[in-house]
Each structure stands twice: as structure tokens, then as C-alpha cells.
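Below is one structure. I have some questions about it.
Just so it is clear, A, B and C label the chains in written order, and each chain counts residues from 1 on its own.
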Amino acid sequence: MKFLLRRLGFYVLAAWVSLTLNFFIPRLAPGDPASALQATFQGKLDPAALEAMKSAFGLTDEPLYRQYFKYLGNLFQGDLGISIAHFPAPVTEVISEALLWTLLLAGVSVVISFSVGTILGILSAWRRGGWLDSIAPASFIFLGAFPYFWLAMLLLFVLGFLGGWFPLRHAYSDTLSPALTLEFLLDAIHHAFLPALSIVIASLGGWLLSMRNTMIGVISEDYVTMAQAKGLSSRRVMLNYAARNALLPNITGFGMALGFVLSGSLLTEIVFSYPGQGYLLFEAVKSMDYPLMQGLFLAITVAVLAANWFVDIAYVFLDPRTRR
Amino acid sequence: MNFFHQLLGNRKAVIGLWVMAAFALTALIGPWLVRDPADFLADPLLPPNSEYWLGTTRQGQDVFAQTICGARMSLLIGFFVGVVVVFIGATVGIAAGFFGGWVDDALSLLTNVFLIIPGLPLAVVLAAYLEASPLSIAFVLILTGWAWNARVVRAQTLSIAKKDFVSAALTSGESKWRIMFWEILPNMTSLVVSGFIGAVVYAIGAQVGLEFLGMGDVSEVTWGTNLFWAANNQALLTESWWTIVPTGVSVALVGFALVMINFAIDEVTNPKLKSEADFRKVVLAEGVEPGFSTPVLKALGERTQPTRASLRPAPLDAPITPVLAAPPAVSNPPPPTAEQVADTPRQPSIKPKEEA
Amino acid sequence: MTQEPLLSVKNLTVEYVTPRGNVRAVDNVSFEIGRGEVFGLAGESGSGKSTAAMAAMRLLQPPAIITGGEVLFEGQDILAMTDEELRFFRWKKIALVFQSAMNALNPVLTVGEQIADVLRTHEGMAPAPALERASELLQLVGIEPSRLKSFPHQLSGGMRQRVVIAIALALKPPLLFMDEPTTALDVVVQKEILQQIAELKDQLGFSILFITHDLSLMLEFCDKVGILYAGRLAEIAPAKQLFGDPQHPYTRGLMHSFPELHGSRHRMEGIPGSPPDMRQPPKGCRFHPRCKEAGPECELHLPRLVELGANHYGACVKVTPSQIPKNPQQKEYRS
């Protein structure tokens, strides 16, 4: 438990660093941020919205530390300001609508690609030089060299546009509205299939390779030799002795790579106009919606930190040495 | 420079280096040999033809020229970011690992925080407030990309700092900075090179991603803006695949070539991988499939045992008689430590086991 | 009464594949272990003692290959077995006690699971009876059954080593390979564990191949001892014979390099020089560059193992059978 608390402390610290970065970045930009905002949005924006935005950022004439505490106070009340692109909806509301879609798409894809990649890594390390080992790592590394969104465009073009087997955009058909019905679920899966596939294809190679490498290291450990000496079945040696141990460093790596994979999946969302955080980010960039961008940054960071903590909990279950 | 020599002897490294050399040359002189990539010079969306090898964009620009010219800025930024990231990563990593104590605590914490904060959203926020230019992109990529290298270098420094030559340098009163960069750093050439390559791969990928989002200077011709315009111009709906495929394949080829070089570095610096490959070759040459047990290659042994030939063949007619047949003579020269012998039972118990 | 030895290793040769050609780590090593016997294999680190034992079980990892010899267990050649045959053979017939129990135990499985999986695999036991049996085995080595649920990191070094021994005994194998089973432990625990092994051996009647670099332990523990140098057997004899009357200059050097636990503390002489680079072993006798008694003839040929006395064999041209009490039919031990 001490382990989990220590990790939690670290995530809180990381969250605080992100919040602080978020506060200072606009102020580091050339010129005075308040007047820069004014200049940027003059005429484009309702003066009331501009005022709301400035106050949300704490962009007042008060001293910096007062601004900072005001900013933190606003954050804790869930106030991230007003979105410009979705005016007058508050940023929190815009983000929370889209959060579920991102969590579903990215979450499911990452879990699939991690599991499949890990299994392929185990198998190719176990049968070094076998047919799987000579094909899988190289081909997935090659696929992984393509930008996520580019693979997404290609899949969309070939399977969606030319083949016509998959919808080209959105998370569900316009004719349906979200509901817990079989029809809706199937429709949502149908829509998520291609974006998920492109995330899986693009990220699988990394998991495969790192699992393969740790497996190769673990296979030369004494306890694996001992398992072999014990005459256990090859499967049991591979899974309970080698893979169980090789998985541990990979779980840690999984947590750290989450942010990276999530970044890729955000770009994928854009290609499919998938109504998640990535698509919002794209909209925010297009319409220079600073509050939305910053809110997204915070929301995604918190999501990644939370996911990491879940990964830590899984780690505790897998490694008895952390249970104290 | 043994490491670089070995690297040049590795097939993967050679392939990777040739591909990179080809791209570098293209980036260097290519732009002078092709049409102006920004010019609207032909009909829009021409498919690849003899005049425009990779077709034209919706604005009638030459895709081939755009792909060639895009290489210049994309590779330049990629390599520039790689160099800076490695420099920062090595400095922070070595300092953390070498100084230890609170320096290590603070630097490691900083490194881990930057590792865990998702890069793209942070980059977007940063880039949004900076002037859209390649330099801003580079700055953003450096800020979001340095941590991984620092972490890897720190781990390596910890193990090197324990070595004798470092303590020797410390005792002889060399300055700490000198030890860091003249004693420790040269001992991780391969790590730094592979970190550099990893950083370049990251920088190119992330740069393309950011520009695809529209964060870069969209009037500049780079691989990322090529894709940004292609997407903006509904490349897929107009079925103009040629506006996205050349750039994507270029990005992937560069990435793959760099990863190949990194694999090669791994093979060269990890003797285990190398010897396992040799082992497989030897075993397969004997017609044996390497399994999970030590292979028995007697034919190979017969061929390569010169020492045996020089010996008179001796029949195996003198097996060592088991103790059972001739129990250890207790009357032998008195054992030097009789006490000890008494501790453990000397007489083997003769209990043949019933086998299942 | 002639009885077939339990394990008979004949001309075992092991090589490591390296970029500059193969390196021979074990070179024509032969020895036999009778039922109930403790055979010791001693030598400096790198002499090939562990390699020989692991090769006999076909457990050496790449890039090791076995390039010659036979390893007969009750007449059956282990070197001719397939992976599948080996799987049923291992642990049932020969079990292994590793040097470092910390590394030999799987850190993520409980002690109970690691004992039980042997029983479940080989005897087809159901989980519950297997755990039941596992707790008996723990008791056999003096550990409370409540430790079944412990993970290796929760046990002390001595306890871990006992667990490893319990696992080794799970199937009551007729032969145990023990690779420096107590080296990683402190002296007191070491003593306790050896005592326990000896008791268990009496109780269960297994044979042991005991590998160590500690000669005083050898003497204490083994019936017969083989001394390895640079992958080759230098001398092989009943323990007391070997210690009372060592013949090979290397063995004599070794005797002097270990302080005796009891008895006068005479000067530790040691052996000057270091073991040869196995990539380029010296011509002729492997030991001659370090040998005080070496002459020009030592560089000419690899000495064969010849019988020097009753059950006493040595591989040195300087040592002739005439030097020790004669043995009418002098035989050659094949090397």
C-alpha cells in the first residue's frame, strides 16, 4: 500500500506541475497576455466572453501570485473558462461530453494492442528465430513507423471509402441517438472499428518489441532454467515463469507510454471526425480557442495520470514484492 | 571507435544508413532539381503522370516537388531536435546519476513528471502561444521529448559511476564536470547514439503530427504541412491518394531506417544477441532445430576434435568402480579432519529406490 | 558384485559458439556416480564444473552445444533424448539444487505453487493434494507449513535454500545435482543445511553430484571427487585418498590454497597465475604454464587420465603409477 500511496503522491505532483505550466505558458508568450487576448479576439468575440475568459485565466491586474491562487481556486471549482468555439458553453462541459468517446476508443484500442503485442512478444521471444519471430517484429515495427493518423487515413480510404465496409466519420450514425440498445452498440462498434484498428496497428510494434526484449532477458534467469529442469510443460514455463516476470517491467513501460499512444489516438480521431478530445483539440486549434486547448491539456493529463494509477494497482496484483 | 566499426559491419545498420543517406542527399540538393513546390502550375488533382510523377494537389502544385522539399525542413528539425534532446538528456541524466543525493531526487522527479505528461496536448498549448514557425515547433518538441533520454542515461550513469576508473578519477582530484563528460559520457557512446536516433524518430513523428493539426507554419513546405493540406482538401473524398501516400511513405521509410540502425546498435552492443545468432547458425548447419534443450551435435564434435586424433584410442574398459562395490576404505591414510568427517555420515545408505 | 552405475558420464564435451570459433568449456569429461554415492566435482570458477552438470541435464542455454560423449542414466542416454522425453525425465530422475536460491525461485509465485507445480505436472495430482504434499515436503526440510503461502522474498536466505531442496525432493529422485548449494549462505546456515542434506540422503537414499570450489566441504561431504581444470579432469579418486595423497600438481596446489578449518594454519600457498583463456588453451597439458613441476614434455601432449592406484586416476605425465603403491594392472582411463 505504501507503494500505491507513494505513486499517488507523485501523480498529484505531476498534476500540479501541469496546472502550473498551464498557468504560466500564456504568460510566457511574447507581450502582455491580457492585451494579446484582447487583440486576438477583438471583434470576433462578445466582450462579455472576453471578460469571462480573462477572469478564468486570472488575467487581471493583480500581482502574479494572487492571479495564480485565483486560477487554482477556479480550477478546483471546475471552472476552466468558456469555450470560444462552442460559445457560450463552459470548457468543462464541452470536454466532458467528448471525454467518454476518447476514453472508450483509446482505452479499448490500447488494451487490445498491449495484449496482442505482449502475446506476440512472448511467443516470438520463446521461439527465437521461428517463423513468428522472423515476421512479426519487423513488420509491426515497419507499420509503427507510419504516423498514426496517416495509417488512419489509409484505412479510411481503402476500407471505408473504396470498400464501403465502414462508416467514414463520427462515433455513431446520425439517425441514432446514444442509448443502451444493441442497435446503438453495434453501430458504435462499427464506427469505432477503423480508428481502433489504426491505433492498434500503429502501436502494437512497440509493445511487441519491448515484451520480446524483456522476455529474452528473463529467459536466461535461473528460475526459468529451474522451471525447465523441473520438467514443467513448455507452456507453463513460458507463461508462469518467463512471461509473468517479463510482464512487470513492461507494465511500468505501459504506463509511461500511455501519454504517447494517447497523443497518436487524438490525431486519429481527427481523421475520422470522431467526437473525442482529439477532434476538440483540432477544433480548438482551428478557432484559436485557447481556453479549450488548455482545458483539454489538463483533462488529458489527468486522464493519463489516473490511468497510470490503475496500472500501478494492476502492478501490485502482479508483483508480490510491492505488497507490503 | 570500435563501436562504429562494428556498426558498419552490421547488415541492418548498413541498410538503415543507406536509406538515411539517400534521404539526406535528397533533402540537401533535391529542392534545386525540382519545380517550385508552392507554385500553382498545373491542373488540380492530376493523378501521377509522366509530367508530374506523383500527380498534383488540389491547388495544382507538384506533389513530387512537395515531397522532396518537405524532406528538407522535416529532417532538419528532426535532427536538430535530436541533437538538443540528447544534449539535455545526457546532461541531466549524468548529473542525476553522478551527483546522487538531492540533485538526483530533484532531477529524477522532474524527468518522471515530464515523461508522464502527455506530449501532444502540451505541445499544442505551447505552440498555440508561440509564433508559428519551425523554430517554435523545434522548441516544443525539445521540451516534450528530452525526458526519456535523461532517464536512460541516468540509469546507465549509476552503473558506470561505480566503476573503478571513476573512483580513480575522483581520487586524483579531477573536476566533477570533467569526469562527467570525459570519463562517463564516452562510456555510453552506443546509448547516446541510440538515444539520439530515438529522439529523431520522435521529433519527426511528433512534428508531422503537430503540423497535421495545423500548429505549424502552414505556408512552409514540410511533410507535416503536406498532409495538413491534403486532409484540408479532402484528399480522401476526392480519391487523390497520391497527395498523402508519398509523404507518409517517406516518413515511414525514414522512421524505419532509423529504427533499423537502432536494432543494429542493440545487436552490436549486446553480445548475447550476437552469440545467439551465431549459435543458431551453427546448430542449423548441423541440421538440428534449436529446441529448449542443449543441442547435441556429435558430428560437429567429430570433425573438430583435433586433440582426440593425437591421442591413442583407448577402450573404455576402466569404469570407475562405484563405491558400493568397494566401500571407501576406512583404513586409508587418516583423514586430516576426523571430527568433521564424523559429522556427516560417510557410509552410503544402500537403498535402491523402487522406481515407478 | 558389479552394479551398473546410476549415472555414467562418458567423454562429455561441451562447447560455446563464439564469433571466433567454438570454445571448449568441458573436454572429454568422464565420471560415474553409483547408487547412494556422493560424487564431488571441484575446480576453480570457470573450470567447467557447473557446465558439465548442466550439460548432463541438457539445460545449458545458447550458445552452448554438446559436441560429444554420452550421459547414461541407468543405461539410457540423456544426450539422445528428445525435448519431450527430457521433460518427463527431468526432476523425476535427476533434480537440481541451484547455487543461488534467490535467483532459482520464481519471485512471483508462492513457495507452495512452486512445489506443487512439479507434483501436478509429473504425478497428475489435483491442486489440493499437491499443496498437501508440498506442506509435507516443507516440513521435511524443517520449514513450517504455514510458509506455503509465502513468496520467496519473504524468506531468509537459508529458508529459501531449504525450499529449493524441498522442491528438488518433491518427486523423490534417485539423483540430485547440487551446484554450490551453500555458497551464498553464511557459515552457520551453511553448516545446518549440509547437515540436513546429509540426513535426508540417509533417509531417502539418493545419490548426489556435488559441485563446489570449496575443497574442505568436498572432503567432508563426498565419497569420490573429481578435480576439473580448464574443462578437463585432472584427477579423480575417493575423497580420502585424494586428500590424503593428492597426485596431480594442480590438486596439490589447490589443497594449499584453502585454509583448513581445523588443524594448523599453515601458509596459504595458492597457485600462481590464473586459469587459461579457454579461447586459446595452452598446448599440451592445460596446467603446465602454472605448474611448478612442469617440464618440456608437458607441452607436447594432453595427458590422459591413467589409473594411479585403486580407483585413483590422474592426468599428468609427471605422475607415474610407480610413485604410489603399485597396482598390478595399470589401466588407462579414457580421456
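FYI, a residue touches a chain if its C-beta (ideal position, glycine included) is under 8 Å from a C-beta of that chain, and two chains touch if they have at least 3 such contacts.
Keep in mind that what you see is a predicted model, and the values were worked out from it rather than measured.
Comparing mean CA positions across the assembly, the chain most remote from chain A is C. Annotation: B-C is the more contact-rich of the chain pairs A-B and B-C, by number of C-beta pairs in contact. Put simply, the C-alpha centre of chain A and that of chain C have 54 angstrom between them.
Between the CA-based centres of chain A and chain B the separation comes to 24 Å, rounded to the whole angstrom.
Work out the mean CA point of chain B and of chain C, and you get 40 Å between them. In chain B, the positions touching at least two other chains are 276, 280, 290, 292.
Multi-chain contact residues, meaning those touching two or more other chains, occur in chain A at positions 220, 228, 234. The set of chain C residues touching two or more other chains comprises 54, 59, 61, 83, 86. The touching residues of chain C, when paired with chain A in their complex, are 54, 57, 59, 61, 83, 86-92, 95-96, 98, 100, 103-110, 117-118, 121-122, 151, 153, 167. Residues 274-276, 278-280, 282-283, 290-298, 300-302, 304-305, 307-308, 310-312, 314-326, 328-329, 332-337, 339-341, 343-346, 348-353, 355 of chain B are the ones that touch chain C when the two sit in their complex.
Against chain A, the residues of chain B that register as touching in their complex are 109, 112-113, 115-122, 124-126, 128-131, 201, 205-206, 208-209, 212-215, 227, 231, 235-237, 239, 241, 244-245, 248, 251-256, 259, 272-273, 276, 280, 290, 292. By the touch criterion given at the top, residues 1-3, 5, 8, 10, 13-19, 22, 27-28, 30-38, 54-55, 58-68, 79-81, 83, 86, 172, 174, 194-195, 198, 201-202, 204-206, 216, 219-221, 223-224, 236, 238-241, 243-245, 260-263, 301-302, 304, 307, 310-311, 313, 331-335 of chain C touch chain B in their complex.
Interface residues of chain A, counted against chain C in their complex, comprise 219-223, 225-234, 236, 240-241, 244-245, 248, 318-321.
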